[in-house]
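What follows is a pair of complexes built around chain A, which joins chain B in one and chain C in the other.
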Partner chain A sequence: MPSENVLEVIQAGLLTPLPRSPSFLLGVTGHRGQVIPVMDILRFLGKGEARVGSRTRLFLGTSGSYTVGVVADAVLGLRRLPVADILPPPVGGDAAVEHLLGICEGASPQDALALLNFPKLLQSARQRAVVR
Partner chain B sequence: MSLDPKNEIVPAEAPRGAKKVPAPLKPIADTVLAVLAGNLGARVPNDALDDSVADVGQLINQLLERHASAEHRKQVAAHEIDQAIDALSSLVREGDLSQWNTTTEDPQLVPLLEGFGKVIETQRTFVREMNEAVLRLSSSANQVLAASTQHETSSTEQAAAIHETTATMEELKHASAQIAENAGSVARVAEETLGAARAGRGAIGEFIQAMQQIRSDGVAVADSITKLSKRVERIGTVVEVIDEIADRSDLLALNAALEGSRAGEAGKGFSIVAAEMRRLAENVMESTKEIKNLITEIREATAAAGTAADASKSATESGEKLGAVAAQAVEGILAGVQETSDAARVINLATQQQRTATEQVVASMAEIEDVTRQTTQASKQSTGAAAELSQLAGRLAELNKRFKAD
Partner chain C sequence: MIDEFSADPLSEVDVLFFDVGDTVYGTDASQVLRIDRSHPEDFVQPGLGSLRRGGRVLVFDTPEGEAHLKVDAIRGVRPIPLFQLRRMPPAAAAASYAIGVFLEADEAHPILLIDLVETLKAQGRH
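Right, the complex of A and B next:
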C-alpha cells in the first residue's frame, strides 16, 4: 500500500456485521468516534478469506473522502521505495492484476512487493456494492 | 508109623520056646509066633488041636483077639497123634491157625486135643486182635508220621517266614531310622524357614513403611507440582500482559512511523526512532513468545510430573496393599512352618519310639526264630521217630501176617 493511502494502523476491535451487504464487507467498527466499514481484500479479489482475531491488524486506507478499514494478515512495516524500481504490473492474469499499481522486485523472490492501487480498489468495491 | 523100641515085640525067644513046645501045643505056639511076627489076624485053628488043649486054644484065641483089638486101638491113636503133630508142625511152620480141626476117637486123647484146640483158639483170637491192633498201630503211626511231617514242613516254613519277618523288621528298623533322620532334617529346615520367614516379615514391615514414606513424599511432590503450575500460570498471565503491551507499542511505533513519513523530510528522524521502537517491541514479542513456549513446555512437564506423581501414588498404594498381602502370606507361612516344625518334631519322636519298638520286635523275632529252630529240630526227630514207628508197625504187621487166623 502506498503510504499516502494509509491513515493509521489499528487493532481490529468489535466488528458489527451489516445486513444485506456484500460478503467482502465484514461489518463496521468504531474508531475515534467515526464509523468505519471494514473490508476483506482476499474475499474481494476471490483469493480466500481473512481470519479476524484479537491481534488482527486493520489499516485505515483513505481515498478522496472515503476511509475504509482493511483487514491485514500482518503489517510488516514501512519501506521506502524509489519510483524507478516500480515496474508495471504483469499483463493478463486475473481480477487481482487490474487493481495493482505495479510490482517491485526485491533482493529475493520473497522480498518482491505488489503495490495496490487503493483508489481503484475502493472504487470498484463501491461499484460492486451498489450493483448489488 | 514109628513105635517106641521098648514096645516092640521081638520074637527072639521063639526058637528057644519052640524047642520046648510039645507037639500038641505046636499050633498054638505057631499061631502065637505068627501073631508075634506081626500077623495079628492069625488064630489057632480049632481043628488042629486035641481036645485036651482045645480049651487052651480057645483061651489063646480070645487072648489074641483082645491083643489084636488093643494093637488096633494103639495104631489108631498113634495115627491120630501123628496127624495132630503134623497139624501142629504145619501150624508152627506156616502159622496157619485156621486149619486146626483134628478129631479123635480115642477118649484118652480127646482132652489133649481139646486142650490143644483151646490153646490154638486162644492163639487165633490173640492173633486176630493183634492183627487189628497192628493195623491200628500202623495207621496211627502213619498218621503220626504224616502229622509230624506236616509239622516239620510247617515249622520249616514258619522258620523261613520268621526269618523273612526278621529281615523285614530289620529293614523297617533301618527305614524308621531313615525316617527319623529325615524328620530331624525337616525339623531343622523348618526352623531355618521359620527364621527366614520372620526376617521376611520384618523386611515386609520395613517395605510397607518405606511405601508409606514414598506415598507421603509423593503427596508432597504433587502439592509442589500444583503450586508450581499455579505459579507458572501466573507467569503466563504476566507474560500475556507484557505481550499485549508490546503489541500496542508495535502499533504505536508503526503509526508514529507513518506520521513521520507523512511529515516528509522533517519527520525522517522521527520515523527512524519509531522504527527502532517497533523493532524493540518486536524483540519483546519474540521474547514473550519464547517465554510462552517455555511456559507451555513447563506446563506439559508439570502435567506429566503430576500424572507420574498420581501413578506413583497409586503404585505405592498398590505396593502397600501388596505388602499387606505379602505380610499376611508370610504370617500364614510362619504359622504353617511352625506347624510343620512341630509335626516334624513329633514325627521324629514317634519314629524314634518306632525304632526302639522295632528293635524289641527284632530281638523277640530272634528268640522266636531260635525256638522255632529247636521246634524244627524236635519235629525232625519226631518225624524220624514216627517213620521208625511206622516201619516197626509195618514190620509187626508183616510178622503178624505169618499167622493166619481166619
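Right, the complex of A and C next:
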C-alpha cells in the first residue's frame, strides 16, 4: 500500500464489536483518544478471514477524512518502488483486482507485490456498508 | 485540565453500564426509568448479542409508552466526563442505536453507548 495512505502501525488491542455492521468490520478500538473502526481486508475481498491475536498488527490507513485500522498478520516494512516497475492490474480478475493500483513483479512469483488502492477500497467498503 | 472538567457537573453525564452476553454497553442513565425483572414478552435487540439469561430489563420511555429491553446484568451508574465520550466514526457504519463510545483514559477497549429508544426503532429493520 502506498505509504501516503498509512498513518502508523499499532498493536491490535481489544476490539469492541459493532452491532449490525458488515462482517468485514471487526469492530472499533481506541487509539490516542480516537475511536478507530477496524477492517479485515480478507473478508472484504472474499479471500478468507484474518485471525486477530496478541501479535496481530493494525496499520492505520487514511483516505480523506476517514481513518480505518486494517488487520495485518505482519508488517514487512517500507520499500521504495520505481513507478516504472508498477504494472497495471490484470484484466478480468476477481473482485480484488478492482481494488488494486497495480502489480509489482519480483524476482520470483512469490516476491510479486499487489499494491492496494486504499481510497477506492475504503470507498467501496463504505458503499457496501450503506447499501446493506 | 482534567480536574477542571471533573469539577464541573455540567461536563459529566451519568452513564448506566449493562451486560448483554459477554459485552458491556453503556446508555444515558437519564433515559432509564427503572430496572426491573424480565418477562417473556419483553423486548430483545438481537444486534446487541446473545443474552445469557436476560433476567433484567431496562425500562425506558417512548412516545408509545414504556418499553422494556432485556439485558443480562446491570453494572451500575457512573458519572462520565464528556471528554471521554466519542461519536461513532462514520466509517464504522454501525447500527443507528450505537451512537458513540466511552473511551476510558489509557484504555484501548471502547464501550459502546446505546440509545435505548433507537434500539426499539431498529427492531424489524434489515
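Couple of notes before you dig in:
To be clear about the criterion, the second predicted complex is superposed on the first by the 132 of 132 C-alpha atoms of A that agree within 3 Å, B and C clash if a C-alpha of one lies under 4 Å from a C-alpha of the other, contacts with A are read in each partner's own complex, and residues count from 1 in each chain.
Keep this in mind: contacts are C-beta pairs under 8 Å (C-beta built on N, C-alpha and C of every residue); 3 or more make two chains touch, one makes a residue touch a chain.
Everything numeric in this text was worked out from a predicted model, so none of it was measured.
In this overlay on chain A, chain B fits alongside chain C without clashing.
Chain A is touched at more residues by one of its partners, and among chain B and chain C that partner is C. In the superposed model, the vertex angle chain B-chain A-chain C (Cα centres) comes to 90 degrees (nearest 10). Once the two complexes are laid over each other on the shared chain, residue contacts for A:123 go to neither chain B nor chain C. By the touch criterion defined above, A:8 lies against chain B but remains apart from chain C after alignment on the C-alpha atoms of chain A. In the superposition on chain A, A:75 contacts chain B only, with no contact to chain C. Touch criterion not met for A:62: it reaches neither chain B nor chain C.
Here the smallest spacing between CA atoms of chain B and those of chain C, following superposition, is 16 Å.
By the touch criterion given at the top, residues 247-248, 251, 254-255, 257-258, 261-262, 271, 275, 278 of chain B touch chain A in their complex. Listing the residues of chain C that touch chain A in their complex gives 23, 45, 47-49, 86, 88-95, 97-98, 101, 103, 107-112, 122, 126. On the chain A side of its complex with chain B, the touching residues are 3-4, 6-11, 55, 57, 75, 77-78.
Of all the residues in chain A, the ones that touch chain C in their complex are 13-22, 25, 28-31, 33-37, 66-68, 122, 125-126, 129-130, 132.
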